[in-house]
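What follows is a short report on a single structure.
The first chain written gets the first letter, and so on, giving A, B, C, D and E; residue counts start at 1 in each chain.
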Amino acid sequence: MKAIRQLIRNPFTRGAFFSLCVIAFVGIFSPLLTPYSPTDAKPEDRLLPPGHLHYFGTDELGRDIFSRIIAGTRVSVGIALFAILLSALVGTFIGSFSGFIGRWIDQVIMRSTDVLLAFPTLVLALALSAALGPSIVNAALAIAIVKLPIYTRLARTQALSVSHTLFVKAAKTFGVSSPWIVRRHIVPNLLTPIIVQTSLDIGDAILLIATLGFLGLGAQPPTPEWGAMISTGWNYLLDQWWYPTFTGAAIFIAVIVFNIIGDGIRDLLDPKAGE
Amino acid sequence: MTQRLRARFSAVSVFAVVGALALGMIASGPANAAISKTTLVVGMSADLDYLDPAATMDNAQWKITYPCYQRLVEYNGASTDVVPGLASAWRISRDHLTYTFTIKSGQKFSDGTAVTAKAVQYTFERLLKVAKGPADNFTAIASVRANGLKTVVFVLNQVSPQFLYTLAGNYGGIVNPATASKAVNGDSGQAYLADHTAGSGAYVLTEWKKGQYLKLEQNKFYGGKKPVLETVLFKIVGDASSQRLQLGKGEIDIAEGITSDQYAAVAKEDGNTVINKPSLTVDIMYINSGKGNAALKNTLVRQAISYALDYQGIMAATQAGNATQMNGPIPDGMWGQDPKGFQYTTNVTKAKALLAQAGVTNLSLDLLYSARKSWWASEAQLIQDNLAKAGITVNLKLTEYATARKMIDAGTFDLCLGTWSPDYADPSMFMNFWFDSGNFGLAGNRSFYSNPAVDKLIRSAASITDQKKRTALYIQAQKIVVEEAAYGYLYQMNYRLALRTDVKGFVYNPMIEQIYNLETMYKA
Amino acid sequence: MLRLIRARLAMLVIVLFGVSVITFLMAHVLPGDPTAALAGPHPSQETLNSIRSQFGLDKPLPVQYFKYLSNLFHGNLGTSIRSQQPITQEILAFFPATLELVTVAFLLAIGIGIPLGVIAAVKKNTFSDYVIRLFAVGGVSIPLFWGGLVMILIFYAKLGWLPASGRLDIELSSPKTITGFYFIDALFGGDKETFINVLKHLVMPSLALGYVQLAFIVRQVRSSMLDALSQDYYLTGRANGLSHKFLVVRYALRNALIPSITIIGLSFGSLLGGAVVTETVFDWPGMGKYVTDSILGRDFPAIMGFTVVIALAYVIINLLVDLLVYSLDPQTRK
Amino acid sequence: MTENILQVSHLNKTFHFKTKNVKHANHAVSDVSFEIKQGEVFGLVGESGSGKSTIANLLMNLESVDSGQIIFNGEIIAGTDSKNTFPYGDIQIVFQDPRSSLDPRMSIRQIIEEPLKFLSQEKRSTLGSSENILKLIRAVGLREEHLDRKPHQFSGGQRQRVAIARALVTQPKLVVLDEPTSALDISVQAQVINLLKSLQKEFGLTYLFISHNMGVVKYLCDRIGVLNLGKLVEVATNEEIFNRPTHEYTKKLLSSVPTMFQEG
Amino acid sequence: MSELVLEIKNLSLSFDTQGASASILKNVELHIGPGEIVGLVGESGSGKSVTALAISKLLPTQITKFSSGSIVFNGIDILASSEVEVAKLRGKRIGFVFQEPMTALNPTMTIGKQLFHVIRRHSELTKTEALAKVRTALEEVLISKPEVVENQYPFQLSGGMRQRVVIAMAMAANPTLLIADEPTTALDVTVQAEILNLIAKLAKDHGTAVLLISHDLGVIANSCSRVTVLYAGEVVESGIVSEVLRKPQHPYTQALIKSLPDIADRDNLLETIAGEFPDLRHRPEGCIYAPRCPKKFEACEVRPMLRIAKDLHSVACWAAETVEK
């Protein structure tokens, strides 16, 4: 609560915060907000320009673009959230054990992240989602894997510094077990940087999902996923400008909102960037 | 000291501004130079793979090789008949097993050496040795022998009514035997011919900037009439909108990548025109009655599916109406077609009734398709929508082309979208490939359809040469496969191509779609 | 310094081995194989099998992998299934284009991003700070495939200032290859028209790609700068009467660059293969498109070759970053 | 009179590190021997790098002994012939900086109970009973309602009280105090010193008091060992060290301490 | 008596951050004569460092609000001067030494360069002359091998050496006033003695006035002639060191001295100050020390003025025996 109050105090993040609330609202209640079915095709209504019947026009199968964008919020943003949280969760645990235990385990894990980092993000995501088969869940998994080394490294660095604190040193003198130290001391204390990183990554994940969708590897049609919608829609830019424009704007707004919020949270929680 | 530092600091920050200004100044000049009248620029959507006529089976690559090689026989303009090409004449033995060709004189390869019978023998022996896709078309060849410089004799191991037509295909292009010296690791020169041409056609591939363009220039030793176009550039412009913009600016003369819905708008723009002709390419849905969902073995279910489809809606949404609904497997324009063949109409009530009759409820099918054709996504979603109205659930399986092909071969799908175009003007291209139970999988029968009666009819039709008798047999077979709804017979497409109005002389031949008759094209 | 290079070489071996194993496994668990796509519209089983054995795809996986490794050991990346060409040759054709694009984009991003990051930090929480951050965050938020097309629409279609695709107008012959970087080669070649044409082609793709990097750099530099500005030595400098500007540039910036370089440098490696979308939109004949097509076409040797080269580049960039940090940070020299 | 609760003999610890490919060895502790009697306050003084903290780490089993022995309560707990079992709970430590020695994410109750977590079930239930915890928190001068707060809600002195409570919860036989007041203000330092002194009397505790502050050592310790560069240069009673130092280093140390009422 | 080097009168300031305001200094009085070493003593939060930074106007400008008083340095009204004018004084006329020698030097620049920049900044010396001056400046702070040290980076030096370098930089321009903010807190006692001696020697040699800030009464007692005791941003007592420390008049000073274990009787507990440090966001109306004071009486509800006490030093306490002015 206090954090939110601080977020809204900053003019830079205030607007973004309210937009985020709108996005969350739209995402949660999307089935109630769509004037048309986002998936039912109606060939006779194809490619209608925006008007009072269809605010954002219709697509090549006569579906209402407004409804598809609304319904797509849940898909695109939800999956991005899922992918990043999954990655953060797994990465935090691997990284904190790696950092705390050290020795050869740390070496193996760190070299593995080296290897993963040597792949370009998008290419790895592309190959992974191609290997797993095209589906939105697999795309999320691919993104989670791609982001994993970042969280592992972040968690490890933090775990290393936390494991040198006096309270961990103290815990060692009590004869408590390593899992206890990791679970009770290290993980809770590295949450802050992880949360900061998470909030910065969500925007990126939305874009990645959209990019995979754009390359035909994300959601399966007729799922209204923004990237896939742009992928089809951008061929219509010259004659049916509304199709890619509104979809692109939706992605842009969602991503920039998450990025600004991420920046804001980072300012709040990261003493270096803040006061 | 500090002043120097300050200077350095501001230098850093000013760098960007100055750089941007400089770029802006560069940018303000005209963006593109006009293309000369003897140069043709074709915008294509993707780079090509490899060009060896003994290996490639893709019309996209053929548009490069076709004008660079000559064949023994050639298609005659827009017609599906063949006329003498490199061969000035040929003789067919009475038993239809021996073909003797006489080579035209004065024809030379791009290195200046003469085209001889030996070259023909080399070409076909090599093709069979390489044993890639093209070899499948020449399984009938038992031997090929050069008889002196001018005569070459093909001996077949079975009667093959389409043999002459296959020689007019891209794989019939005669290769310079000098390329034998380019072989590495026993690849018969495949690596060399992958990005070089070595034929006697009017053009030679002179440059291939991977990912950017391919450049054809005239073959100095070409034996035919000297073409008008000096240079032909095939430029890669991946995005459809970019192609359209570049066409509008005259930066490209032909835009291959225009999407279905854009043609109408393109045609209206100044300086552009659109060719729109019926083609022999059909768009169909494989209904896997062999290895797919068990319900698909039931003819009633397949019929129900065929009645549930909204053919007009599909054609409108995917081809902007530039298509004709099929009435059987053989398209209009190909002999052997049954003009009175039965045509399914959209009738959801009937579809439901048929399903009820079959006792099938809660049917759920996977529809496989790839992004290979831009309209398949729309088509798949419409089919999903159509079948849903009849009570059939369809799960869309968008799969990459390479994977989809593998799945088609293995039969691991229920429904699948596909297109088919004939390699030669013979109805066997449709009937024997699609319905012979010996051709399961990629080879042609992708519905895994099996009916001994049909097998018998089409096999006997393929073993004789009398066109009338063959037509009768094929019509008989067509009635069965339409009745049994072995495939979803969707539509026969129109061939559409967007080009500048000053591009003249282009002749569309449905047998060699996507290929340009560069020898006779010119710019006015 | 030698030790640093030695450590990086050891890392190279590990990374290359890991990358090759992962890629190999990943490539081979990909469903589908290239033969089905290559064999023509309706191949017979015999043809499919013949092609498969020609590419050695019928052998057991470990055999294929060790064959690959032994070839790699001899500097041979194999032959592309799709194009029949040696992969080394293909990569040499595509890699310089990507490197050129990414380098120019990167330099633009750094040239603009570092000053902006410094200004944002110095003017923290002021209007300039917000504007800079908003401008920067826009870069990571615009979907490239959308923004790129809009750029083409404005600068190519409407204004006609800049070409929409490729590295050079096709009527002009490409400069003689010296570095593979067209703008350097054109400069050496001395042909003004070609040089200007090359630069024109570079503008849009490099701005689009550079803008994406900008946010990252601004964010990083701003944060490190704030950190540096809050350090005691900054206060000492002020108390000793050194000017604000001097302290910002000579004290804070130098110290802020050390952590920034490591992070920004690594992002360069990722960009190398990640320019897929930019290359698609602007028809830039680079590695991004090459690898996408290879993945989708199941061209295993090409995928392997690409990742090996990128991993190599990654390690080299790592080394360069280390050397740069080494030269900036005396503490690494102890 | 009383037996030795702790006996340290010929303790050695060397840290190895490499710079520019040259191996260096830092003899952090060399040949250190001393003993602590039951109920006594033993002081270890020295400047930075003297090996004070290394000795604390060795005693607490945070580092391994190179050679020598640590005998605690009659058992060899580290070094030659040790059975590699450490009497967790019987030796406890209080660190210098109360800001980082308490996990900011835990409540005071969780912090105080933590040392019990891995003790025997029996000990856990008796020592961890709520009466016991309450008694303890009051003994260190805090109140019951403080138990549910987080460390950041406390001042430095209060946090050090929590750290002391945490050390005492296991009823240890020896408490190692590693510069427990160095990070505190003078007025707070006095409070904590008083607390330590009264707790020692009340519970009959044995302290190993590590410090660089001669004043505090003089006030608290019965016997004092002076460390310089890893070596114990002098061990003697409080009175002897301050009035009749024998070693040169001890003399130098004492003369460097600025005292308030010297003339000049 | 010659003119004062520094005179702080009635200085009050607060830190205003996002809605909250904390009164950090209240009516602070301090003066230093030429060549004099004055101690400023207090516990953390007493405002020692803030006072020091205020003299050079180094406090964060956005949040610092001066509400009353003046700082006059050598006749220059600091608070009324512009940033540019004050910047000219820094390093040249007012030298600064901070607590943490570990972080007070730029880690990526050699000692010589850092000194060089400071020297060039405050003099018209040529490059060669300035380089020579670097040498002598290092020799001045008793660094035995200046030619080695000037090419070293801070991390290569010990804490004591670094603090010498910091002092060399502060003294490079031969300032009138040296402000040393806890210069030895991070150092060992033996090193502390050396550094304190060095500061005393330099001050004597150059006639520099020194403001020595410390929490250690021993350090103050050994080095300063006069001392000012701060509590919660207010001066509670000030005067000649020996008088203030031997005969403290303010209950806080008294308690502070008594709470030192150095002189205590081992058999008794130390004297402690009851209660807690006040919340500076809500400074009480009356005596700031009253809530903790054992001698508190009704008068303490009114803020006591700083008055001359019996032993001729100033004290702000109603209970102290004061000499009527």
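Methods note: a contact is a pair of C-beta atoms (placed from the backbone, for glycine too) under 8 Å apart; a residue touches a chain by one contact, two chains touch by 3 or more.
Keep in mind that this is a model prediction, so the values were computed, not measured.
By mean C-alpha position, what chain is farthest away from subunit B?
Chain E.
What pair of chains has the most C-beta pairs in contact?
Per chain pair, the contact count peaks at B-C.
In whole angstrom, what separates the CA-based centres of subunit B and subunit D?
Whole-Å distance between the two chain centres: 85.
Report, in whole Å, the distance between the mean C-alpha point of subunit A and the mean C-alpha point of subunit C.
22
Calculate how many whole Å lie between the centre of subunit C and the centre of subunit D, each centre taken as the average of the chain's C-alpha atoms.
Between these chains, centre-to-centre, one finds 55 Å.
From the mean C-alpha coordinate of subunit B to that of subunit E, what's the distance rounded to whole Å?
Those two chain centres are 88 Å apart.
Which residues belonging to subunit A are in contact with no fewer than two other chains?
Within subunit A, residues 130, 133, 234, 237 contact more than one other chain.
Got the subunit E residues that touch at least 2 other chains?
Those would be 117, 121.
Specify, in ascending order, the residues of subunit B that touch 2 or more different other chains.
If we look for residues of subunit B contacting two or more partner chains, we find 2, 239, 241, 245, 399-400.
In the complex formed with subunit D, which residues of subunit E make contact?
So the residues of subunit E in touch with subunit D come to 43-44, 188-190, 192-193, 196, 215-219, 221-223, 245-246, 255-257, 259-264, 266, 269-273, 276-277.
Under the touch definition given earlier, write down the residues of subunit C that touch subunit E in their complex.
Result: residues 231-233, 235-243, 246, 250-251, 254-255, 258, 328-331, 334 of subunit C touch subunit E.
Spell out the residues on subunit C that touch subunit A in their complex, using ranges where they run on.
Those residues of subunit C that touch subunit A are 11, 14-15, 18-19, 22-23, 26-27, 29-31, 125, 130, 133-134, 137-138, 140-146, 149, 153, 215, 219, 222-223, 226-227, 230, 266, 269-274, 276-277, 288, 291-292, 295-296, 303, 306-307, 310-311, 314-315.
For a test of understanding, state which residues of subunit A touch subunit D in their complex under the given definition.
Contact set of subunit A toward subunit D: 165-167, 169-177, 180, 184-185, 188-189.
In the complex of these two chains, what residues of subunit B are touching subunit A?
Touch list, subunit B to subunit A: 239-241, 244-245, 259, 261-262, 265, 310, 313-314, 316-317, 371, 374, 377-378, 380-382, 384-385, 396-400.
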